[in-house]
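My questions will all concern the structure given below.
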């Protein structure tokens, strides 16, 4: 177990190393120079001012020195400075991180639980109308752009029906506390979580259906049946656990997509998380923030990966030896 | 409602435990035949072993599944007939009633020990599951019973084994767990669907002995499905022979085996390898065509920088010589390193040590380009006739590819390929078709033709018949013997079937754990084995007594 | 609002984006100005017509030769920490702090021969040569007065007191919850007796445009400014009974938007081509459809609210036929696809509205046979490319800072063609007559003569079309109707709000 | 085989529907200039016109551009980007996967670590970063999408090649003296064609979704009218004009759905085990 975690961490560091270098290369491949932008925004730009900025941010050093400094900074948790927002990127990201984690984690759980349940249901009723209905819905959700689902949900549930708030994280200045506050946040979370979760739920549903069908045709299920086990117990004790393994593997890999998807969902719902920050940064082409987001999402993905791997270890006794 | 049938029984005869009456199971519409089994009838009495034999797809398993009520739901359904357990029609029972029988009164073990156990559950829990379903024993009693059963099937330290996951057990151990599970509730009927096919001969023997012992002890009725007549001869009281979904012959084992009435049964028995050593003894004198000297191969695995690596010695200092025109057989159970040696000789893998001399040249010292000229002289026929032919290429092309790679003009090579098809007994027009359009035996002929296209001096045949039906197997063996005689080929013949080896080889090497433990003339090795392992292997051949007394002709039914 | 002001009440306003800091001398981004404008003060502020009015300077005199400016400071002014405010602070700000930190102030103060303080209440500035626009340089964003007792002799950027701004204004810094709000409270010792009226002000950070609109709608905030509210939402909000839209208050900056055209690229160097562009664009469409009615069609280089504006210039009303005639005259014949010329367009990367504008320009010019290829870039790339003249056509908008010699001439003077520097004459426009007139007007002390010069200039420049002026931009201040006297000067929401009051509900 | 394959494909109702959908989209893209000869960027009507006004089937957008024209012309962009980026990704993926699978060893290990890296890095974020930094254009978008899409295919191909490499017909080719290059190209790759085709068809769908997401965020090629751009530019006026985001969204949905259906149909048709099952 320890060794497993260790190897995961080594891998994580490797990935992050590449991300950091990629980041650095991208900044330098970018057209334009941060100093020019900042000067521009200050309303005037004489050369002295630009030069002063360049020195201040070390942009006049040779490239390898800059890479060294960059890596050094990242190691210390310094992800650079947003010239546009005039704040350290790390501060900006930290501020937004919790909202994103809450959103993606809820969506992840929803997608996983919903997908597994629906997929199983479809597999158990293979060929019947429930199966067809689930398959069609999953196919549709899978093919729909995530942001568009968000917009349409807003149109229906917020604009037309007025049931749920369309934007934001909580009612600003409503002064709720305790249960009220939770309910308020919950009602704000509902649409974004459903939007983000739906797509992945579709993915997991389809996979779970296939996986459950495959597992259901395996010999040990027949063995269980030959013991006289009831169908319900066969499903819960034998099929489910085995069928869920491939989904977990994919879920771990897909964590990256999920977090990518949160960019879209957050910008649709003005959810004050990393995705929203990314959207603003894209509009303003604030590379420092974009690269910071890239870094932090990579960290998140790795965290999700380790999480699913741990789940995997809990469920599958075989992995100890294979890692 | 269960309907009780009172059948008229001959007075004085104990009623059969299980009676199958005119069972017909329908196949889905597009299948090659309308019924998986048709009007099958046989009975099973207490305290007897009924063996069901027959070729693949003849409906053995479907019948068994029908008894268990485990037919795959939408695809197969019982169209007619009854299955009576102690006079009660299982077919008409409700699902709950069937469940109560299943595992409790009728238990079943399956062919594949690797997949028949839930990989995520401890084996003890899997056995216990049956007890939870059908008894109200408390926890402790159940535990005790599990341990008792594991002990009864001869598993070591049942107390700890109970807590293991299936992946930690060997195939034989898993099959024992399956048997323990099936026997946990002391059923009246045990159905065993090819329980030993996936196991090597020595393990197979242990399992067969175990089943027989337990059957005798508990006076159980056992329905034993197999396609191996040796196994039948070993354990059967009565035999049912099935073909195309029908029972073609049913009778006491002795009768069916020695004096088969049905034409089909006779053909089956005749096509079994006779296992008699060849008479023609080739002089082992003169310079060797191929000599392996001290070949060693070690597989290292788990070798990350951090974790310790495990080493598996699959070839341990092997010496072997093959003379022109000689057939050397390599036998030994699965995993003993036979294929490894073969692959080393044809240059598919590099051993860690030793020399392989072909007409005096050390093949191992050659690089890729240097090896190339020798490729012509050493050719290989692979185990699986389907896997060894590229499904995307036409047969003529497959055969011609080698010569083309060596510079023969394309047209010439293709013409030669057609000729070769004739040599292996296929129509020349076969060259224009794809491999999947041929039967297994025909495919193996194609791969032989491919090897011959290179005009080799040495032919390595790695289990060339193990994927084939008994009757087809016989044809291919005959073809090989024929060609060998015509072309004076030297051959290294690999198999795990000792009877096949005895029939075709001049010289035999017996392998165990990567070493050749016995090596000598076939007659010597099979007639007077000196190594204990060789003896154990020979002992494990099922149905020897029967084979000895009723030698099959060894030829295909013509 | 003829009612009498009432004391008390809390004003809530949107602030977007969140300012990086509140030390006005160190940062002059728009949100910083809005918040810090309540904390810091400058010598003067300006009426809507841009005439100066007292702030920290009670009165002032300009010598007849236009060289000497004497400011008399208010009595009894103290900093928020209780220290008295004196001419020493003004001197420190003008000679040390601002020249070090603030490009615009540095440029202004470099015109001074000497800056002295004869006594605690007087500051005298002598210029090297006459510069009548000098008096427009004393609002709080150009020359905020910083406390000498806190900054003198320190590293200004890293002064430990930078988290707690100390000014002389009517409101004092109380609390800043990053990402959420900034809280200012009433300064009880404010030098104007009885003011301010408000108890405190909350500036709320609401990053999302839709949420901002919602917050105004439901009364959660009472004020928005600049482009806090998307143009298309403004009309909807304006119709609500509890909200009012005030477009005044941006006269000082007077942003003017144009298509910047690189004269170095053929055929853009030809005056007729640029005129054709202007004819081909329906600027009323741009105002109504893209900016949803916010703005005025620009007539020339000077914003109509800036001083010395003259409406009497050649007009370029929407007329594609004229554009086509001009192109024909140039000999640009349409090819098989109807294309006469291809130009690249580099839009400002400031978001959707600007993108829509680019799309419109592309279509409108396409109609007269000028094929526009849109390029895409970010703010940094944009700045770099425009500053280095690596563009063909782009969009831009500049502030005019109340006087043509500050905010207008910089775009058209050939002496201000400076590669690598943004907001200069990046088009490469050269007209000796224009140069001469701008220089003359900058020094002209007589207002009438100055007006003449600028009128002449406007006619000259409009004839040349060095850039294609689109709109005089208007920003809507959306205020709750309970808020009174908020927008009272040309600097609008950046004003101190000493006079602002809220009527009870 | 091909006949069987076609039959199996044709029997799959979903696949046939998918094929029909995609065929319509392709026709739309091909004949865009016939259907809507004018430039989709042209402001042909009043802004904010609801569907079915002024002869505009789906209404107009905030600048008065005909939405239906945008949809028809947008099909070109979507298909172009979907196809080219998939081609590029398939090329990279097959190359890397085949080399890693066939040669194995440290080279294969290295390539697979590299591939895993690309699978771990959050795709969409990387695409956004790359396109933002290299400025949006058809080239940068295609490159970025290809760059993040090849990894799963490389793994798939590697797996296939790995198992095919030890298959006996490949070993037979080795013993017949064929060269590595010939073996990879002639023996191995034809046998992993079906999974490659299946993934490629699904990759086109994913690429179209990715492009639309980029455009939605304002990172599309500013000269190309695309569906994602239409939804993205209309989102701010969602309350006033639902149709501006509705129709282009439906267009994406239908296209991606069609491609997915085809992909699944191919998958089933290529898979002999499923081929039997489905017909049962």
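By written order: A, B, C and D. Residues from 1 in each chain.
One rule holds for everything that comes next: a residue touches a chain if its C-beta (ideal position, glycine included) is under 8 Å from a C-beta of that chain, and two chains touch if they have at least 3 such contacts.
Computed from a predicted model, the values in this text were never measured in an experiment.
Participant: Farthest chain from subunit C, comparing Cα centres?
Facilitator: Chain centre farthest from subunit C's centre: B.
Participant: I'd like the Å distance between the centres of subunit B and subunit C, where a centre is the mean of that chain's Cα atoms.
Facilitator: Computed from C-alpha means, the inter-chain centre distance equals 89 Å.
Participant: Any idea how many Å lie between the Cα centroids of subunit B and subunit D?
Facilitator: 46
Participant: Taking each chain's centre as its mean C-alpha position, how far apart are subunit A and subunit B in Å?
Facilitator: Roughly 50 Å separates the two chain centres.
Participant: Please compute the C-alpha centroid of subunit A, do the same for subunit D, then give the distance between them in whole Å.
Facilitator: Inter-chain centre distance comes to 22 Å.
Participant: Show the residues in subunit C shared as contacts by 2 or more other chains, in ascending order.
Facilitator: 210, 351, 377-378, 381
Participant: Where in subunit D do residues touch two or more of the other chains?
Facilitator: Residues 132-133, 135, 218.
Participant: For subunit A, which residues are shared contacts with two or more other chains?
Facilitator: Those would be 30-31, 283, 285, 287.
Participant: Which two-chain combinations touch?
Facilitator: Result of the pairwise touch check is A-B, A-C, A-D, B-D, C-D.
Participant: Touching residues of subunit C toward subunit A in the complex: what are they?
Facilitator: For this pair, the touching residues of subunit C are 12, 17-21, 27-29, 103-104, 107, 178-179, 204, 206-208, 210-211, 214-215, 220, 349-351, 377-385, 387, 399, 420-423.
Participant: Tell me, which parts of subunit A touch subunit D in their complex?
Facilitator: Result: residues 14-15, 18-19, 22, 26-27, 29-31, 139-140, 142-148, 151-152, 154-155, 159, 253, 255-257, 259-261, 263-264, 267-268, 278-279, 282-283, 285, 287, 290-291, 293-294, 297-298, 300-302, 305 of subunit A touch subunit D.
Participant: Can you list the subunit D residues touching subunit C in their complex?
Facilitator: Within the complex, subunit D touches subunit C at residues 39, 41-43, 47, 62-64, 132-133, 135-137, 218, 221-223, 233, 236-237, 240.
Participant: How about subunit C: which of its residues touch subunit D in the complex?
Facilitator: 209-210, 230, 232, 289-290, 347, 351-352, 355-356, 358-360, 362-363, 366, 373-378, 381
Participant: In their shared complex, at which residues does subunit B touch subunit A?
Facilitator: My answer: residues 68, 70, 72, 74, 99-104, 107-108, 110, 112, 115-121, 126, 129-130, 133-134, 165, 167, 178, 181-182, 304, 306-307.
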